[in-house]
Every structure is written in structure tokens, then in C-alpha cells.
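Take a look at the structures below.
In what comes next, subunit A is part of two complexes: it sits with subunit B in the first one and with subunit C in the second one.
Coming up: the complex of A and B.
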């Protein structure tokens, strides 16, 4: 029995990323959460495709008919900065998806992050990170993808507020759309007070991101466990912030997805 | 549809050349998927990248031998120096083969079953694996030791030459320098096999008694031929009846030195030298550890580097301050960076006992995030072991020692595939192997036998008169 595939739609204008997000000078935050079991790399790739190629073409076996709301000629640039993965991780994936190299820029942040910066004051390190973003961003509308910024808290003994004030907020001002990819592994457990400061700060950072973002995209495994034909769920929900664009809102939805051998397929829930 | 006679030549030399991927790749070992689109020479797939372009399949000696049969050996001879020239790391490494799933270059962990569990028949280069162990047992040390031994054995494959130059180097982040004396040696077979090999060695020596024996044997050769003829008629000498599948045999023939079996009761002799193994104290500042490690990697620029981080956060080895995230994460993040920087020739294995951190899920989650693969060993409790001993009373070799859970697998999980499996696999540790097999709860048929035993014992204890009375009278209670 064949299962009907579903096209990815996030906004009320049936788009994945609406062009209205890039028309004015406002900046918006999107939170993408993943877990150890289900990495959100395929979804990040789909968002990059949407911005650069005009749609998430690799989804559903290269037969995606999703309307991105953006045409490939729109001058929206993608800048990717990861605190976990190296530049080659993204460039290899984007090359495979045939994303034009002039439409994106992957920063070398994770490379030698410890060797070059350990022992330095945290302000200097964050300034160095922000400078890299500034240099690669132009005045044109842009999307910044920031992967696993919470690692900075563990590396440089930062707390949640400092990370938001020093990195997230300044970065949000630099771009039209900031997509923060964060891991929520083990967040389902109860957190008693005795768990320690580190744990509290990690929870606070993610909770703050929930409140600041207008859209939360959650990639999770199935609650029922492992299945052969389904990898997990993609939940689209509104965040705590309001989207200041009239006649446009997030359509809350939940998809099932199956990821196998670099092919991702979305299904009706 | 075309038919070909059995004796007909398969193809001309040009056709054979078409089947050979530049760099000496053997087409039969390549996965079938997307073979046509893959650029020649570049065998990496997925975001990890994996192998460098122009790399050739290890064990070129066998490839060379195979290709000689096809009369195209000249081509491979040219390809090898080109690949070697492109990187300092020698492509002809006996312990490297392509993954059947992704065609990334992999090396063995030293445990065949663990290699299979990871889905690549090995450990993809540039990847790291964390083995977590619940409870206070120490099964993970077996895996670390065979991992270390495998590296040393790879290094010594080329004979005494390996001690000087070698092809593999092991870096251990530990203060326990005695590890070199605890590494298991290669399993040489059962006692019978060892005796047989000793006898064969003795017989191969040129002595008067051996010469006399060989003369007597030649007289009996005619009888032997007759026996063989009879055996052939009855199919007794048929090799196809062997249990191993043809593919496995083919793989082991193509990569004979890819992995070895280790006997944990023996010791690797001679013990590894400083040219084969380097120790770095993990208690040094992270920057110092990383700079030392990078200098070692650069020094051994033509070798496969196997990094080992055993007993991470063990209270006897690490001070309490290391259990703070801002002390530990810089070290692990830096190691990950080095691993990815030298991904063409580095792998890393680490083990941790999570019993001390089971109430800190976020702490372990942060550690797991920095590894490409995470596997959990959950040893059975005493009750379960007793149950298994009862169930496998007649087959003690089948008793498993614990469960194996998979949290994530190298390369696959990075793509977004979900490979979490809980209680699907079980492990058992033996003298000659650390086995991982599918877990199934054994059926205990002891209840019936117990009942029978009880009934029979009751009958024996009860005098026959009482039995007669019980069957015909009722006890009335007032």
C-alpha cells in the first residue's frame, strides 16, 4: 500500500519560508530542536535549499513541490556557523544538493575553537565569532544558521543570560532570520533543583530561545520507539514571540518523516 | 538475454579496465547504490566526507594479485604511487577497507561483532565512538584492549620492519602505562590447534627422523589417493558445505589482515614500544594535551592514528574538577576537532562508566554530543545471570553477560537516520572473543522437571499406607 507524501508547508501562504520575512528590516528567530537519535541535519539542508534553490527540492525523493515563497533569484544569502561541525561537513552536504557556492558561506568556527581560544576571555572569543559573521554578511537580506551555540556555555563557563546577551541578540540584529539549532536531548526528564548549575543553565538557554522565537521546529524520534518505515516526527509550532507581519502566521502541523540513505520523505500524521 | 559458454573469456582487457575504479578499487566490494554517478576516485559519501579523493583500497597486494589474472597489473602499479603522493598517509594499509554501506574507509575496532554492529564492518576513519557502561563492571576494558592490540598488530604485519616504521600508531590518553603489558595477544587457536602447529613446525625441520617419516609417507600416498577418490564420490571432500558464506570468505581473502581475533588470557609479545604507542596525561590542561597530540599525529604522518581514551572520568584516574562541564568539554571538543582535521587517518575510541552520572542526563548528553557513535553496555544483574545459568545449564557457552544498546552510529546518525536500539543485542565475553549477538530471552523448561522432581520426592517421602488413607478419607477440621 502506498502512503501519500506530504509537502512541507510552514506559513499560512503555503510556503516553507515566506518572502515577507525578508522584505522589511525586522529580524526574527527560529528555533530548531533535535536529539541524539534524530539529527536535524536533513531539515537544515532543506531550509538552505529553500533559500538558495527556491524550494526543499531534496525532500520526498527530489519530487518536492513545496512552495518556498522565495525564488532562487532572490538575493538572500545563507551564512552557517557551527560550534560542533566543521566546514567540510556542510560544504560536502551542500555540494551534494547542488547548492550554488556563491549563495552560502560556511564559517570555520568549530575548527580549533579550543586550541585557539582556550584561556582567552569569553568576550574576546564571542567578538571573534561575531566578527566572522559580520564579514560574511552583506546589507542584503540574509539567513544565519547557528548550530549548537550551547556548547559555548560548557566551553567557556558561560551562563544562559550571557550567551543570549553577547551572542544571540547581536547576531539577531545582523540578519533577517536567525535559525538556532539546539539539542534538547534529555530535556524530557524532570529537573530537580539539586541537579546543578550547569543543567539549570542549559535548560534556561533553550527555554529562553523558545520564548524569543516565533517558530519552533522540533525534530524528534517516535514516542513509541523504533519503526522501520518512520524515523520520527517534525512538529511545527509557534514560539513565544509574535511575528510582526500582517496576514502571515505559522501553521502548526506535525509531519512524520522517514530518513534513509540520505533521502527524507514526509508523510501525513 | 545472452548466454555464454563456461570456458569463454569474460571480456577483453579494455572491459576489465572499465570495471576498475582509478586508484585500484575493486568493483565487487563497492556498494551498488549510486555507483554510476559517483565520481571516479572519490569514494566518500555523506556529510562526513570520509576518504580523500584518489585513495586506493588497502591491501593492494591482493588486488594486484587479482588483477594480474586479468592482465592489467600495470595500471595498478601506476595508481599506487599517485595516491601515496597525494597524502603522506600510505594508502596501502592492511587494516583499512571500504565500508559496505557508505564506501567510506574503515578500520577494525579489534572486535568483529562490534565492527558489524556499527554497520560499516568497521570504524569509519575520522569518527569517534563512545562506549558507555552501566553498573560497576569493567567489560569495556576488554574492548579498549582489543582496540589497542589491533592497532599494534596492524603495525607489525609487515614483520620486524613494523617496529621501526610501521603503519599504525596508538595514542592513549591515560596515566596507566601498564596498559602496554596488559594487551591481549592474537588468538592462535585451541590447544589442539597449537599442538598441531607445533608438530607441523617440528616436521618441517630437516632432520633424519623427518626424512625417514617422509619416505614412509610416500609409500602410503597411493592408499591416500584411493581414499580421496572414494571421499569425492560421496561428496565428503566438498568445500561448499562449509558454513561461511561465499561473500564473507571473499572479504576475508581480500582483506586478510583487516581484523584479528584476540585471546584475552594471553599477552601481546613483545610489548609495544614507544614507536608504536604514545601516552599523554589527560590531566594536563586541554591546550597542552591537544598540542602534544597534534605533534604526535604530525610526527607519524604516514600512519593510521588510533586514539584511545579509556575510563573517562574514572574517579581513580581523574580529579573531581574534571566532572565539571567546563573542564571536560574543552578536552573532548579539541579531540573532536583534531579527529576531523586528520579525518583521513584518525579514529578515536573512548569508554566511560555512567553509573556515577546516571542522575545527570544532561551531563552525559553533552558528552555524547561530541562523539559520532555511542554504544551502551548494560551488564546483567545477579538474578538475571542466575536465570541464564539455569536456562543454559547444558550449554554454559551461551550465557550472555549483558545487553548492548545503540544510541547513535557513526555517519548514519549524522545524516538524520535513527539507529537507536534498546535491548536488541546482548554481549558475552569469552577467552577468545567478545561476542555481540541478537538478544532473546531463553526459555526455561525447568518448571516441568522441577514439578516432576518434587512429585517424585513427595512420593518417596510418603509411606504407601498414608497415601492409601489420603485417597479414601477426608480430614475434617472443627
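Coming up: the complex of A and C.
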């Protein structure tokens, strides 16, 4: 018996990323969370496809009917910066998805991040990261995907507030849509009353992101453990911020997904 | 005057329209329900001509209603005060206008500098409307372990505290457990939510009222908290529980009520606190020993 596949839909205009998000000069934050067991890279790829190819075409076995909401005439640029994965990790994936190279830019941030910056003040490091983004962004509408910025806290002894005020806020000003991909592994602890400083800062960072985001996308494993034909859940919920676009709202939903090597499929929950 | 203030809905309306004198209105929210809708309610009720200064730690977007927008990223508290000062009523001004200063969050200001910061900008012609996100944890360094937390300080300083909670069918404990794991259930952060308004009077009395707010229709509904009814012991309560007779008859109840409990006697101070010593025949009493008899 075949299982009913479901098209990805995030906004009330049946789109994955609505064009209304790019019509004025406002900047909005979206939080994507994942765990070690369920990596959100398939979802990040789907978002990049949505912006560049007009829809998350690789979802549901290359026959997704999801409406991107962005017509091909909207020249929205994608810039990806990761503190975890190297440039080639993304370019290989995007090449496989046949995303044109002129539609996106992957920055070299994770490459020798510590070796290149050892002994430098943290402000210099953040300035260098911001400069890389500035150089690749133009005045046209753009999406910035920032993967695992919390790693900076561990590497350069930053706290959560400094990371928000020095990196996230300036970066948000540079683009129309900032998608921050965070790990929520630090939320899973057995003794929440005895958290160490680092754990508190990691939790603080993600929770602060939640309050700044109008949309939160959580990729998690199943609560019941493993299943042969389901990898985990994708939950679409509102965040703590309001979206100042009257015609648009987030459609809260939950999907099951099955992540295979080449393909990810969404199902009804 | 007193009678109108006693009407909870009137008090809420007066608070939203800033007619209640208050220098700091604190909104506390969590991941389950954001205070953004409450701030919108204030904006819906205040006069259009009131100057609004928006201080932002969380968004680079200037709200339409804000006459001045200050981006607080990268500013120390001193720099922020300096940036705010030109937009606040000046001391030499005669009969200045009431100003509203909105902070999207106070979470980025450390508890050690919070009181000083607020007292620097607060004045009789400035109302501060600020949010504190209660679900954001804060690391407390060893030297500040005995200093109050930011939320404790703010709740103490604020004249009005608005606690925002979601309208949800999920049990409170289950919701807390989910959010502590960053599992976010559906239908949170809705335009329909509860607020608990704590209004501190000049006399020191605090009035607490709960309301159901609908931010789409701007309807406010006073919620009367259901109190568990105190049930008196009735003969029916024990029926069918055991084969023993647990009931008390009217006569037994009357006798039970008439029993004088020992602590009631101890509370009557008729003897005036004197220690009554009665000499007994076996007591060894020596008149010449000054330490023998303390009385």
C-alpha cells in the first residue's frame, strides 16, 4: 500500500518561501533546529532549491508540487555560511540538485577557522566573518543561511548575548531573510537545575533566536525511537516575533520525513 | 474614583491607554506566548500624538508607530542612555508631553546594571514599556550568586506587571516539559491569550486580575479564577466506602466543636507571662545560696 506523500507548505499563500518576504526593506529571522540524529541539511537544501529553482524539487522523489511562492523573475540571492561544514560540502550537494552556480554563494568560513584566527581578538574574527557576507551580498533581496553559529561561542569564548549583538543582528540588517540553523542538543540534559555555564549559554542562544524569529522549523527524531520508514518529524510553528506582513501568516503543521541518501520524502502526520 | 478603579476591565483599559500613572510597565513572556501582541494592544489604545521611542535589541526593522528608533546592538548601557536622552523630555521643558519608551527586551542588560539604567531614563513624563523573556536562561557568576536576578529586580521596580500566558488545552506541566526540550506544540503564540495584570497602588496594595485578550478583535474578558469549593463534611461522603460507620451524628458534631484545644488556652495571656513556681515538699531550698533559687 502506498503512503500519501505531502507537499511542503509553510505560508498561508501555499508557498514554501513567500515572495511577500522580499517585497519591502524589512529583515526577518527564521530558526531551523536539528539534532545529531536528524540533520537538517536536507531541509536547507530544499530551501535553497526553493529560492533558486522555484520549488523544493528534490523533495518527494523529484516530483514535488510545492509552490515556492517565488517566481523565476524574482532575483533572490542565496548566501550560505557555515561554521561546521566546508564549502565543498554544500557545492557538491547543490551541484547534485542541479542548482545553477550563479544563483548562490557558499562562503569559506569553517575552513581553518581556528588556525587562521588563533590569538586574534574575537571582535576581529566576527568582523572578518561579517565582511565575507557583506562582499557577497548586493542590494537585491537575499537569503542568508547561517549554519551552527553557536560553534563560535565554544571556539572564541563568546557568550550568547555577544554573539547575538555582534554577529546575528548586523547580519540580519544585511539581508531580507536570515535562516539560522542551530543544534538543540544542549536542551537534552538530565539535570536541568545543574547546568554548566556553556550549556546555559547554548540554551540561551537558541531561546533568544526563538524570540527573534517569526517562524521556527524543528527537525527532530521520533519521540518513540527509530522506525524503518520514518527518520523524524519536521514541525512548523510560529516563533516569538510577529511577521509585519498583513497578507501572510505561518501555517503551523507537522510532517513525518524519511531521509534516504538521495531523496527525502514528506508524509502526513 | 475608587469604584472605577475597582472594576478590573476599566483598570485594564486605563493601563493600556497609559492613564494609570506608571513609570515602568513590565511584560513577562515565555516561548509559549510572546508579549508582542500585548505591546500592540498598548499602541491601539494610546493617543496618536504620543511620542514613541523604540529601543531594539532584537530586530533591525523600525516599527511604523515609532517616532524614533534606536538600535541597541553593540551599545553599552551608557551609550544607550546617551542615545536615548535627546528624545526624552528635557528638564528645562515646561509641561512636557508624556513619552513612551518601548524596549523589545531587557534580557540583554545585565542584572547588575539594570536598576541604574532604568532610573537614569525614568522620569514623571516617561513611561517605559519593556518585555522580559522568562524562558531565556541566564548564567549567574559566583560573585552575583546572592544578588537578585534580573526578573526579581524588574518585578520589584515595576509599577505594573503583565504576565502573558498562552490559551491552550495542554497541561501546564506537559507544556513546560516540552518547551524545556525545545519541542514546540502547535497553536502557541496565538493572538488569543491570557494576561495576569498586577497593578501596584501607591498605598502598597497590589491588585491582581486575569484577562483573556483577543488581539484580533481587541476584546478583553475578565477571567474569574475558579476556586476549589470547600466542601463540608456530609454523611453522603462516607457512604459505601467501608463497612464501618464513619458518619458522625449531629450530637457528636456538636460535642466535637465544643472541645477546647490545648493551643487555644496557650493563646490567652491572662497570667501575664509570669512564671509560677510552686514549692514542693521534696525541693531542697537553701535561703543562703543566692544561685539556688532564681525566683
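Quick notes on this one:
Definition applied: the second predicted complex is superposed on the first by the 262 of 269 C-alpha atoms of A that agree within 3 Å, B and C clash if a C-alpha of one lies under 4 Å from a C-alpha of the other, contacts with A are read in each partner's own complex, and residues count from 1 in each chain.
The rule is short, and it goes like this: a residue touches a chain if its C-beta (ideal position, glycine included) is under 8 Å from a C-beta of that chain, and two chains touch if they have at least 3 such contacts.
Not measured: the values here are computed from a predicted model.
After superposition on subunit A, the partners subunit B and subunit C are accommodated together without colliding. In the superposed pair of complexes, A:9 makes contact with neither subunit B nor subunit C.
By the touch criterion defined above, A:93 lies against subunit B but remains apart from subunit C after alignment on the C-alpha atoms of chain A. With both structures placed on the common chain, the touch criterion links A:264 to subunit B but leaves subunit C unconnected.
Looking at the shared chain after the overlay, A:165 reaches subunit C, while subunit B stays out of its contact range. By the touch criterion defined above, A:226 lies against subunit B but remains apart from subunit C after alignment on the C-alpha atoms of chain A.
Legend: residue contacts after superposition of the two complexes on their common chain; A:207 is shown touching subunit C, with no touch to subunit B. In the superposition on chain A, contact is made by A:26 with subunit C only, not with subunit B. Once chain A of one complex is fitted onto chain A of the other, the partner contacts of A:254 are limited to subunit C, with no touch recorded for subunit B. In the superposition on chain A, A:241 contacts subunit C only, with no contact to subunit B. Taking every C-alpha of subunit B against every C-alpha of subunit C after the fit on chain A, the minimum distance is 12 Å.
On subunit A, the patch touched by subunit B and the patch touched by subunit C overlap at residues 187, 195, 203.
On the side of subunit C, the complex with subunit A involves touching residues 29, 31, 34, 36-37, 40, 57-61, 63, 71-74, 105, 107-108, 133, 135-139, 180-189.
Residues 26-28, 33, 159, 161, 164-166, 169-170, 172-173, 184, 187-188, 192, 195, 197, 200-201, 203-204, 206-208, 210-212, 216, 218, 220, 235, 237-242, 244, 252-254 of subunit A touch subunit C in their complex.
Only residues 36-43, 84-86, 88-90, 92-93, 110-115, 118-119, 148, 151, 153-157, 183, 185-187, 189, 195-196, 198-199, 202-203, 219, 221, 225-226, 231-232, 259-262, 264 of subunit A touch subunit B when the two sit together in their complex.
Those residues of subunit B whose C-beta lies close enough to touch subunit A in the complex are 33, 44-49, 285-287, 290-291, 324-326, 329-331, 333-334, 337, 340-341, 359-366, 368-370, 374, 407-408, 413-422.
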